[in-house]
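Two complexes, one shared chain (chain A), two partners (chain B, chain C).
Here is the complex of A and B:
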């Protein structure tokens, strides 16, 4: 019998953190998909999932930095498209370039676009969602205007050649392989983790998202923090954009349009709080995993692609409700006490 | 009528201890308004000093000047530890060892207690790696110095306000504070927590660290402080040894008016019973609560924080439902599904956190008052009738003597006392039969308090039944007809002010 008024009593076997919940959901869901299909739990499929979701994961950890700092960004996915275009045009002008030049350029263009957001938010005191909805439209509008909506196929060879980092033949005879984007994703994840959790600047970002006025009082440079957060996301978007262009071997101006909401949903699903101060890299990655897995699983089960978004939306709602234990508990208690009172009313 | 002129008491510290801070001839003008006029202020090393005065008297401005947030007008002289200081900024003030613990504490709820205490290690523009082990050690050391144990590994948000206060003090110590200003540190603490805070202040004193307290609570001021500097209307009234002051005398100095406390209590049991509560219980909150409240009666409920006072009020207002027991209003059984039902039944509830939850700060005074009774202000086509709203608002502004510019001004432009009146107006507009007041004077000046209680007494005289919850026994003693004492969720005593001496009640509650 749990003690009355003791929250948490009687559910000791359940996970306490969002990350714990997501892991549980992912394991159960993965098990179900493994039983329902022959293809889901194969090395080839799981490695493929990693390759496909590398781009989303890079964006997700970048977005996490902005969310933790108390902001939000809607423009990063189209910013990634802008970076793809600018980088492709620039390296072709430079006579081809190479990976190092490409990564440096993509990071620089990405940082620049992030800095535009940061300066609008900081210097004009406009809230971040309004600024980034506006820049989302501006970035995308400019891109469509200058490309006239046409894709670029004339890309340097280094970008087009698929780099396979690791490959092996599975017992079933398929080939499972990991590509360059996965390695870059891991590097970005580790760098962002170190930045947020182990560097003094990252802790200042958390502090600003947690209590902006308090951060100002202890002497944190709020302007610098804005450029750092949106710039970091910009760099992630730039690098992610380059990886996506590499993976699909073309630059399509509207390829990433709409991706910002998938990534945002995944990061929030991973426990990042809109409003700042709370959120972990692990959570963001688990969020991306669950969203990717849902789409992949539905695909393998032969569900109509038109139903995907609906199901992904439902999964997000269910997972977030489950991880918000206090809310769920309050709801159940209210429901029960309402029923008990109704019964008491009937007897009396 | 002011009975006290401005005595020019300069300096004040002539005894042995050297002065850690001494400011002279400090004036400050904000947009043509004189916030401070030629103020002198000094703090001795290791002293517990109190800065007293009503809101708007210039206390905050003075703190902001000595912590470098504002620059004083030319002519001011500022000395720290004997050295002349010019062009003070927040950064240089902190470097000197001047720390301010603002009322909102400026802490980071999502971070661990240890990181909050040792946050200094994260500061500065130069990036470096964070050493969590060193942070934990720093935190443990400082807490040991303060003689306090806190769960340093837990997120700050899991701590109560009193413990957060200690975290803020600990953070100031990490920054090598020599002089700590505490802005209303006890505003949201219970008496027991205030005791614990005083312990910490004594520890600071033992370490040679001076503390300047800003507080509205006179009893506390006199208990903790060695000297008291009183400000009024931006001017210095004087510096007084606390031992030579009484609460009444201090109130007079602060407001410039003589205050006399009268006990109002009467036996109102002959009046019509408005509220009857019988055997009310809610698991984990309160148990077996029974009392009745008559028309025209002010019934006080006191007890320590967590005694269940606010929880009972929440149930009476339909915010939570009881597990057992009956509530009768005017003899009729009440079954409240929500606070909408409560409002409809004639119950109004002015909550403790009214300033944050009870008012929509950026909206107009008019909107704030009218919000509870919008359905009565409808005119043609079911749209809001601005004329009806204007009349309603004007009526309440007049009746409660709310000092406003225009009804269209934002509530945020009003003083604490006037905001309190706006909240009262908002609820009184619903024409309640039962008014529940939870800690009605938190954040309200002494001068404004008298005005609030004047209104409360008048409301009672007009036949309203009032349930008043408060930590502050003196204010219950002087305004309530009866005082109920709650502890650990149960009613354990009842006092008649006037019959029982106030000391006996205080002793019983804090036992």
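Here is the complex of A and C:
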């Protein structure tokens, strides 16, 4: 039980973790949307949300790994576009390929792009935000230069055919269905959870994120950890990119440009700390849920799509502020005491 | 005499290195691009440099304080929008000088507000500047798109074009604005209590706080000034293009970061000088104009900036190792 006078005392019914807060906000927000619109709380819409957000969720758990390791990466969404292209071109060269070849290729290309980031960050001791700002521009610039901005529609059949894993007719007569990306997302999420929470390597990653120098002195291989973290995100980006190409049935070079900010926002919303050592899979997924729900809800309520980004930005800004509540409380206390002093001065 | 010369060299190593690099760039483009070494090229550099330069100055302060401001370009856009809005209220093309001055004040106020909000969240909440400014950037971009629906705002009185295109004694007016701003930064950082506190906060925030400096006030001021400088860039963009479009100058963000690091600013904060950054800016703008004259593909140029940023960072890493090993 919290001591009286501690922050949080007397508010025992409020959630104490970021995940708890997010769940509360999502439930309240979902309830409001359910009442305000008659389409939000339908199976068809909720399943659609799952299908749409599969890509973001795959990226989010990958990015979480890098954030936990104490880094940041903003090049991954553009890297996913590069992987889409490389994979599509390679399987065509191989004469069509299949899902197994496609997934292996996408993972390999993704890992390679992640390894480029990792080696620049580790070997030359360049701060990760600077490296990934640079690789973001290199990846995107080269992709647009070599493709001349042209899209690929002529994809192999296995990639184009929609795979519906689960489907049922809702009482309203709509069809609610789950597609392959959702299954892949679940697999990636479970794999990342096992990696971060049940493997020694994952725990070493948390250690490095919390205190890199301490981790090095304990004997953790910092170089390997860098390649593991950025490589893992690269693989997630590769797989996510393939799923996105499968879902929209085309490869467009600038389709994922800017998506990194949405994903980063979602993961940070979920309580991952920039600077490393803290963050959970559940939090990242809840963050993705909240961002997706906000956009979907605004859409259903008929808000202009131009306003979406504004609201998302505001939500993140508020969330960052709320997740560091002690600092805010100190601010308010200072503000109040300052005002009290001023009033006392006026009276006295 | 010789000892004095070496001492002079040691203090100015950064600047000298940049000057040598500038010479190399000039020779390279002079040899490869026939039309490069002409008055027209340098005229255009002098007119294009200021926008980038003002944004770089806006980026410099937060980096020195150990942070980053990713919202500078959109702060500039929104400040430009505020000015455009006031001018539209005052009659658009028929608006008088008073309305334009009022619009300028509104733009600066909007810049200060955007910066101030970031500063308060960074200083009092302790949230990471990258995240705070990223959220602000997403918000401002969304706000701008919401207000303009992705279109252009134009229709200003013709006399404001003089600010963007005029010259005084043959020196472009925008360049003069940049020089004044750079001088202001130089004095602020090198000569004032606030500047000293900014460097200290960038090197070690906790130690600075324990030494009795109100680091929160310093950080808020850093972001307010960064926002105001972005707004100045936004006003200049408005006068140069005679229109405001949200997203204009977005590509400058990478180059401002690049200019700061090329100019020897420590990515973790605490060290860096305005003069070296301004010199780095001139080099970058020269390269940009040179690439443009060579007819480089727009996206290839983007990729080159990225390569260049990494090359600068790797170069600095090599330089540091070498100077550690060197005796003395």
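Criterion: the second predicted complex is superposed on the first by the 319 of 348 C-alpha atoms of A that agree within 3 Å, B and C clash if a C-alpha of one lies under 4 Å from a C-alpha of the other, contacts with A are read in each partner's own complex, and residues count from 1 in each chain.
Assume a contact is a pair of C-beta atoms (placed from the backbone, for glycine too) under 8 Å apart; a residue touches a chain by one contact, two chains touch by 3 or more.
Keep in mind that this is a model prediction, so the values were computed, not measured.
Of the two partner chains, chain C is the only one that A:129 touches; chain B does not reach it. When the shared chain is aligned, no partner comes close enough to touch A:20: not chain B, not chain C. For chain A, the partner touching the most residues, choosing from chain B and chain C, is C. Using the contact criterion defined above for the overlaid structures, shared-chain residue A:213 touches chain B, although it does not reach chain C.
Looking at the shared chain after the overlay, A:314 reaches chain C, while chain B stays out of its contact range. In the superposition on chain A, no contact is made by A:31 with either chain B or chain C. Contacts of A:221 after superposition on the shared chain: chain B is touched, whereas chain C is not.
In the superposition on chain A, contact of A:204 is made with chain B only, not with chain C.
With both structures placed on the common chain, the touch criterion links A:138 to chain C but leaves chain B unconnected. In the superposition on chain A, A:277 contacts chain B only, with no contact to chain C. Considering their complex, residues 72, 120, 124-127, 129-131, 133-138, 140-145, 261, 264-265, 268, 274-275, 304, 306-314, 316-317, 320-321, 323-324, 327-328, 330-331 of chain A touch chain C.
Chain contact summary for the complex, chain C toward chain A: residues 68, 117, 120-121, 124-128, 130-132, 134-143, 145-146, 149-150, 254, 257, 261, 267-268, 297, 299-307, 309-310, 313-314, 317.
Interface of chain B with chain A (complex): residues 90-91, 94, 102, 104-111, 115, 119-130, 283-285, 321, 323, 335. Only residues 4-6, 197-204, 206-207, 210-211, 213-215, 217-221, 224, 277-278, 337-338, 341, 345 of chain A touch chain B when the two sit together in their complex.
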